[in-house]
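For reference, chains read A, B, C and D in written order, and residue numbers begin at 1 within each chain.
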Amino acid sequence: MLNTVIIGASGYTGAELSKMVSRHPQLILSGLYVSANSLDAGKPLSDLHGQLKGIVDLPLLPLTDIKTTAAAADIVLLATAHEVSHDIATTFLDAGCQVFDLSGAFRVKADDFYQQYYGFEHQHSEWLDNAAYGLAEWNDDAIRQAQLIAVPGCYPTASQLALKPLVVADLLDRQQWPVINAVSGVSGAGRKATMTNSFCEVSLHAYGLFTHRHQPEISHHLNCDVIFTPHLGNFKRGILATITAKLASGVTADDVTAVLESAYLKTSDQHAVRLLGNKTAQLDDVVGSCFCDIGWQVQGEHIILTAAIDNLLKGAASQAMQCINIRNGFSQLTALV
Amino acid sequence: MLNTVIIGASGYTGAELSKMVSRHPQLILSGLYVSANSLDAGKPLSDLHGQLKGIVDLPLLPLTDIKTTAAAADIVLLATAHEVSHDIATTFLDAGCQVFDLSGAFRVKADDFYQQYYGFEHQHSEWLDNAAYGLAEWNDDAIRQAQLIAVPGCYPTASQLALKPLVVADLLDRQQWPVINAVSGVSGAGRKATMTNSFCEVSLHAYGLFTHRHQPEISHHLNCDVIFTPHLGNFKRGILATITAKLASGVTADDVTAVLESAYLKTSDQHAVRLLGNKTAQLDDVVGSCFCDIGWQVQGEHIILTAAIDNLLKGAASQAMQCINIRNGFSQLTALV
Amino acid sequence: MLNTVIIGASGYTGAELSKMVSRHPQLILSGLYVSANSLDAGKPLSDLHGQLKGIVDLPLLPLTDIKTTAAAADIVLLATAHEVSHDIATTFLDAGCQVFDLSGAFRVKADDFYQQYYGFEHQHSEWLDNAAYGLAEWNDDAIRQAQLIAVPGCYPTASQLALKPLVVADLLDRQQWPVINAVSGVSGAGRKATMTNSFCEVSLHAYGLFTHRHQPEISHHLNCDVIFTPHLGNFKRGILATITAKLASGVTADDVTAVLESAYLKTSDQHAVRLLGNKTAQLDDVVGSCFCDIGWQVQGEHIILTAAIDNLLKGAASQAMQCINIRNGFSQLTALV
Amino acid sequence: MLNTVIIGASGYTGAELSKMVSRHPQLILSGLYVSANSLDAGKPLSDLHGQLKGIVDLPLLPLTDIKTTAAAADIVLLATAHEVSHDIATTFLDAGCQVFDLSGAFRVKADDFYQQYYGFEHQHSEWLDNAAYGLAEWNDDAIRQAQLIAVPGCYPTASQLALKPLVVADLLDRQQWPVINAVSGVSGAGRKATMTNSFCEVSLHAYGLFTHRHQPEISHHLNCDVIFTPHLGNFKRGILATITAKLASGVTADDVTAVLESAYLKTSDQHAVRLLGNKTAQLDDVVGSCFCDIGWQVQGEHIILTAAIDNLLKGAASQAMQCINIRNGFSQLTALV
């Protein structure tokens, strides 16, 4: 049994993680932490998330002494802000913990990336170099050996799971950048009071045109330029990505199907991708589940792929849990289905 | 032409008022004001409410000198917080303006009411005594003669329009308090960033059990005890009230129909109530409109009434406009249909 | 291991049942059936309910030979229309199956009830007499011994779980009927194409005033007259009931709390009710879960209770599973949390 | 005063048209028609659309004798199915009526188009040749002179209003097809009971990949190949289109702004497009209004435009009214703002 702590447990992702850890047969949920000065410290997690009442009633503890917390933990889940993860991860790592970071702090090994897209200078380049990128279906070997796993976020997960088989097999025309349009539920913005998240202000729209930090993350890990346009939708959870791309000369629909099936038609235990063939992904089919649904159609030189995930699960918490399972030799979807 | 200013113009009600005043043939929208230190001062109203672009692009002005503002205004609409209305109304009144207050500051003439339910001591009892309660369908004589009109809010409007004909005609069993359950859209809480209004936190529920300030307002103006339970719904606009009451001995369904039709079956110009007979009120039929829909059914000694309004219109802005129209001798639904 | 078949598996409740049976350690999902002439026969269940892909891909079978189906089944779940359950239950019962009927066909043992509220004459009074009413928290002794369990539906479950402790302890003033207002998600109407369920036509409103068949079911099993007003809400799943009642003379808030805690403060394994004290139930806290949340407040002679459930789970499928667990000596929330 | 009749008045577009005609100072709403065998014949329109109660209570008449109806009408609005418009338009045209057809029956003058995309052979090629395409901001000269105006639908209106200035000015790289992703509210599918429109089945998803009939309509009228992917959204009204394109070599952001402003920065009376500059269009800003909001941003060789309309208004009814106003010399937004 592995002692597991969640740092930043008060948010939506933290709540999902706490549920999963609770029902995992090989993990013990040994501590829920919030920042030392949080007003939520001392409250049961179920006070903030009523659906957890009777399921996870553990109190939120103030993270006052990281070393002591680290000493008692085997596995640490960081559901914290990017800067916070950047600052505290190494203490847990130095104590020997496995660290699964759900922030962006260790995802991209590229000069100036953090300065440009996150507004801070990265101080831990050695850990950045050694972090495994936790796209579970693609990096299981690296995940199995790493001490630090940088779990990708919601938009990059949906986008990469759909595009990566095509890019790896070199089926796309590299002259024309794939266009990724994605719509996310409001929970993607986190649990906080802002005008943007205010119920009456939420109205379907695009944002972050050409400038969203997930665009370089997707391009970096795909090794392929893309145009990525995120949208805010009028729903709580889920992401739907619609991806339009031009195929390389001579590539057929059958070629596309072959590489997608080769990537994802394994036994269900080994991954969380469901292939829909020429059907399109439906948001509600994945909300509340750990799966990424992918559909596709080809006409002439063009392909359209649709991919849907629950942004808080496959886009955050359940993907972190897949990584824990891979890292520790458990069946990959343990505690997830 | 009457110069009309809106104080507190940046909120949802302010936006609706500005549209109505703009299209009113006898009114000039001569100023939109926010508090002197508001960060919104200087912005066009349509920057905050995109749907007004090209319709009301006037800038929001800081209310720095009330007397000067008052001197140039014939009509003042206060879409301000209760305390603010309480504090500034008299300056406008002293300058001779007609004041239509959409806050609760002048609605209830009862000792201790403001201390108990609004948390401040009322300083202007003479104006409180002279204010007309702006329930347009019932108080037109008083409205026509008053300088200060206290426009009732959303829950009290729906509740009273349904119950008042029955109470006035003494059709209810006074031993058993009518039970009013009402569900309001989130816009009723105003335009601001709070956890309660946060998109992901909104979840249908009851609040303010036994303690909501609209309960004594309803009871006071109906002259009838009631049990009022407000609910927050997962929608932006509208209120649906379902009212269950016991009829006085011997009262029949026909008696009920007779008093409701007597109250509201006038020519459409004279009021904004639509009677549905034994159909039930539907929220979406009134959202975006100035109407209150009322349906009812009787079985044995019991009656159930349903009443629906748009909380920002008949529950605020359009009712204020009805009051302006009544006060100034215009056709009652001018600028509203 | 018990062979379990679901009749009427294509609907929303059938889909939920199939998921639960699949993950139940002591049950085998041995057959999913639809009516013999259904166009869905032959399709995998996951074709109709995409979220089940990879989880329940069994085909829907036409129910052509009930006796053969019965012979191979230990447990039968009827998620069928009332008339269908009425007609086919006995064949399964005669074959010795345990039958859990989610329709209304065996819920109320009262003369003329089926003629008046369901429009058919009941032909199986002996089974009606012997059926246990599957309100899991209250009838476990009867459920444990019955061969036929009539699982209560959504509105009656929420209403009775809140009111029954008070009625049993005789805390209510019987002269004044409790007023139950409840709002249900659209899934309560089943999976079918109707104008009423059409996305653009759904608009919060009350329906079935004084005439809904759940009113007599609630009154019968509570042994207490009630006024029940159902509403259709603009959401897919969940029910929120708000109940207003008058207390018997001398009853205090502490008395109320005592009887509710006595009824439901057991170890969590024994039931699916969560007490919220003076907080109010929130719809989203129970959607997707097997729990009924109950809150309450007392003022003077009046009490307001709020109760929330997922209409498809505690209001249908998970309550049926609780009954299966009780009947077969499994831990009560097996496969549910 | 012009006698105006609406054929197919019972649907969502018909309801909007009836409201507009009612409040138009130069039009008389002289008849609302449904098909001869419609079950709705005889009912007041407000029975089907409760929000019209007290506003349009005219009865729906069965269209039994088209010639007689035509003889009494100056203006005919066809809110009918494509085939029906195709079949009945000529009778109204022969009688000398102005016909504004909101269906697709006369929009595209291209061989085989109707056979391929609408499934019928077009029988009225002379009228097809003479019909004006009612994209109000672009075809006012043609509209002014035509007897038959084919009003474009929802997706083509949003898409063309955004792209047409760029195509006309030849600012796009023609080698790379613009990618149009659009999300529509459910009302776009019309007022009918289908599983697809059923409240619980609606789930954000793409449909009609590569095959939607609006793709060739957009390409034809833009004279530019496009990839168009429609989506169904979880809301009642509105369309948001996000368009990604590659600019021709050397084209700058200033060039783009110049052509958009040249197209649409006129006095507000002349059109219904609002330019947002580098802001993005927000769905709720246009729902309930006649406007199309357009925003855009350029980075390097790429441009992203966002366009939002109310699918029932600028995408149907209000655009038809703009056409009526243009055709008859009225101010273009009469009855619309």
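In this text, a contact is a pair of C-beta atoms (placed from the backbone, for glycine too) under 8 Å apart; a residue touches a chain by one contact, two chains touch by 3 or more.
What you are looking at is a predicted structure, and each value in this text was computed from that prediction instead of being measured.
Among the other chains, D has the CA centre that is most remote from the centre of chain C.
By count of C-beta pairs in contact, A-D exceeds the other of the chain pairs A-D and A-B. Remark: chain A and chain D have CA centroids separated by 40 Å (rounded to whole angstrom).
Spacing of chain B relative to chain D, judged by their CA centroids, is 37 angstrom. Taking each chain's centre as the mean of its C-alpha atoms, chain A lies 46 Å from chain B. Touching two or more other chains at once are residues 282, 284-285 of chain C. Every residue of chain B that touches chain D in the complex is listed here, in rising order: 50-51, 53-55, 268, 274, 276, 282, 284-286, 288-289, 291, 293, 337. Within the complex formed with chain B, the residues of chain A that make contact are 12, 185-187, 191-195, 197-202, 236. For chain A in complex with chain D, the touching residues are 176-177, 179, 181, 183, 203-207, 209-210, 227, 229, 231, 233-235, 238, 240, 242, 244, 246, 280-285, 297, 299, 302, 304, 306, 308.
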